[in-house]
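The same chain A turns up in both complexes below, where it pairs with chain B and then with chain C.
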Partner chain A sequence: MIRTAATILRKDLRIELRTRESVPAMALFTVTVYVLFHFGLDRDSLDGELASGVLWVTLLLATVIGVSRLFATEREQGGIDALLLAPVDRTALFLAKAAALFLYLLALEVVAVPAFGLLLLGPDLVDTLPELPAILLLADVGLASVGALVAALAIETRARELIVPLLLLPLLVPLLIGAASATEPLLRGDQAAEGLGRFLALLAAYDAVFVLIAVAVFDFLLDD
Partner chain B sequence: MYSKGFRPLSIAAVLATGTALALIFFYAPNDADQGFIQKIFYVHVPMAIVALGGFVAGGIMGIRHLRTGDRSWDMRSYVAIHLSIILGAGVLITGAIWAKASWGHWWVWDEPVLVSFLVVWLLYCVYYPLRYSIEDPDRQARYSSVFAIAAGAFVPINFVAVRLAEAYTHPRVLSQTGGSLPGEMRLTFLVSTLAMTLLFVTLWKLELTSKHASMQLKRLRRRLEATA
Partner chain C sequence: MAAAAIELERLERRYGERVALRGVSVRVEVGQTLVVLGANGAGKTTLLRVLATLLRPHGGACRVLGHDLPAAAWEVRGLIGYLGHDPLLYRDLTGRENLGYHARLRGVAPGRVGEQLKAVGMERRADEPVRELSKGMVQRLAVARATLHDPALLLLDEPRANLDPGAAEQLEPLIGRGSGRTRVMVTHDVEGGLTEADLALGLRGASQAFALRAAGVSPSEARGLYA
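This part shows the complex of A and B:
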């Protein structure tokens, strides 16, 4: 199963490397949204709750783009039938798609977080983020598993572009609460990281529940 | 098929609702500092409990559907979620009225239960566009059940998360519906919850029966057209 998943993942990554469709679009989108926030809030630099909220809401919106493109190549070129005809375990398919989305998100954050620091954070806050990678990693697991589940749920619907954000964003509210609240003290500058463990635990619990649910129900999606 | 025991159930629902209303208006005392408006509590909170119960029950019926492959379980899950969404709209409206009367604002963000409820309700509203944009009936049932399961599991997680976020800014020791109700209020509350539950189950059975009947009618009509 792991081997099958790795093969599908390799295929997806190769397509992404050659077409450069999802990740650059997501990165461009986040930078644009930062510019929008700059003008919308009329602030040159942010800190605390506002900074953490802007960072995470932007990442969540970029995830919507990644999720709605997750099965795009298969759908547009008909590869999905071949994939489903092949004796491939659906769990392997889920793992591959979630892993692909996870890697896209990591690649996105490599661009988006420094861009955020550069464009919107005050100069003294930029290098005060030692815990941020842990929060990002935990959040990405949740984003990737919920994202892959939602992408599969929406694939058979007629109004896919509508269903994905409407379904994904409310599902991500607990993740946003955990991630934004964990990041907020880091961006306040006074380094009092109170309650960090609690929100990391919330993120980890969210990840565990949704990975398990997705693995359990994925068998019933994407058949025939 | 769905109408077994419908008559006694509906009589019980009518009796319980009548008793609950009588208790609310004539038996339960007026709240010391909120006065008469506090009585909306006996509608608002049971409605919220029953709606959440309906969402979770819809998820469990979704599991039964995927386990057994019997589409009638998807129909049960659909009707439970459908009724819960309607009740949910009632919860949000009564919650807003209560908030306006006792805090002076139509919406307050530091009430974690109401905020969580809004998130859950927004998620479940997507059930309709998801369900009705899938044409193949078998697939529609399967995808709807998957949604019902994922959303049903989401309900408790979301409540914990919103409460954590609120506890972080506004420490709260006891929920106001917990243990501290005086006897008369508690009795009224319990009877109201029972009445709301019976009402929900009755409406659920009614809707299932009517859906079943109209489906059978459609089938018969199709057969008639085929022979004519």
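This part shows the complex of A and C:
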């Protein structure tokens, strides 16, 4: 199954590198929203809850773009039939799509987090950004697993552009709470924040639950 | 009696409330060719997709290569080659990359990719993105994909669409009678289909109009399906 997932993932990454359809769109959207906040809020810098909320809500909305495009090549070029015709475990498809989305999110954050720091954080708080990776990684696992699940649910629906955000965003509320709450003390300049471990545990539990749910139901989602 | 390659007994398939196939019964022996004839919407593609395990049968019995569908869909998938309207190739990958991807998915030796490209006459254009190839060339690659794993049963939907006579001749050893494979072939070429087939299945309005030896069906009778 891992070998099959790696084959599908390699194919997805090769197509993304050639077409540059998902990651650049996600990054451009995110930077544009940060620019809008920079001018719209008319403040020199943000901190605490507001900064954390702006960071995470924007990343979640950018994830919607990635999820909407996750099965685009399969849908538009018949790849899903080719996968269903092959004697492969369909869980491998979930693993590959979730891994692809995870890598897209990492690539997005390489651009988005420095842009966020530059446009919306004061110079003191920019130093806190190196503390973020653990939160980002845990959140990305959750975003990728729920995103792959929702993308598969929407693949055969005609109104998939509506279905993806309508299904995805409510499912991401616990993740948003965990990620934003874990990030907020860092963006207050509180490096030794209390409760950080609790919120990281919440994110880890969310990841585990949705990875297990996805593995359990993915086969049925693609069945006729 | 030897096991048949395909045994259908009052096969039924619906899309919601709409019946797409009803009461289809046919038996195809190993190595035989079944041609499926009928007007647009008669259920030909639906039948192919049921046999390919892409759609579940909703009624009747469906046995393919000794396996009951949908229960044994997994076993059947490794044994069939499906050539539908869509080539099932990624346009942003080259022909070689597409075949390599399908070979890895199916556990086929990588060397087989080169053999298939040669067999369909696409060696020289194998490293160009599929989006830059003509429809005929894409169809050649689709044939290479469908036969990559040396399937026992071929499910062919207008297999010679977009092919010039030379290409059609070149692909005969892979998808024609000479392949020695059991074949189910959907075509609108009534005369050609009847000549090539052992059995003929006529579909009209999602129901079976006839299932006879091809030699016993006159072209005029078959053309009546399109009236």
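Just so we're on the same page, the second predicted complex is superposed on the first by the 220 of 224 C-alpha atoms of A that agree within 3 Å, B and C clash if a C-alpha of one lies under 4 Å from a C-alpha of the other, contacts with A are read in each partner's own complex, and residues count from 1 in each chain.
What we mean here is this: a residue touches a chain if its C-beta (ideal position, glycine included) is under 8 Å from a C-beta of that chain, and two chains touch if they have at least 3 such contacts.
Remember, it's a predicted structure, so these values are computed and weren't measured experimentally.
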Touched partner set for A:170, first chain B, second chain C, both or neither: first
Chain B or chain C, by number of chain A residues touched: B
First, second, both or neither for A:87, with chain B first and chain C second: second
Which of chain B and chain C A:119 touches, first, second, both or neither: neither
Partner chain in contact with A:204 - chain B first, chain C second, else both or neither: neither
First (chain B), second (chain C), both or neither touched by A:132: neither
Partner chain in contact with A:221 - chain B first, chain C second, else both or neither: first
Shared chain A surface residues [contacts with chain B and with chain C]: 224
Chain B residues within the chain A interface of the complex: 66, 119-120, 122-123, 126, 129-130, 133-136, 139, 142-143, 145-147, 149-151, 153-154, 157-158, 160-162, 164-165, 168
Chain C-touching residues of chain A, taken from the complex the two chains share: 3-4, 7-8, 11, 14-15, 18-19, 73, 77-79, 81-88, 223-224
Chain A partner contacts - residues on chain C that touch it in the complex: 52-56, 74-75, 77-78, 80, 82, 84, 86-93, 97, 101-102, 104-106, 145
List of chain A residues in touch with chain B within their complex: 149, 153-154, 156-159, 162-163, 166-167, 170-171, 173-174, 177-178, 181, 195, 198-199, 202, 205-206, 209-210, 213-214, 216-217, 220-221, 224
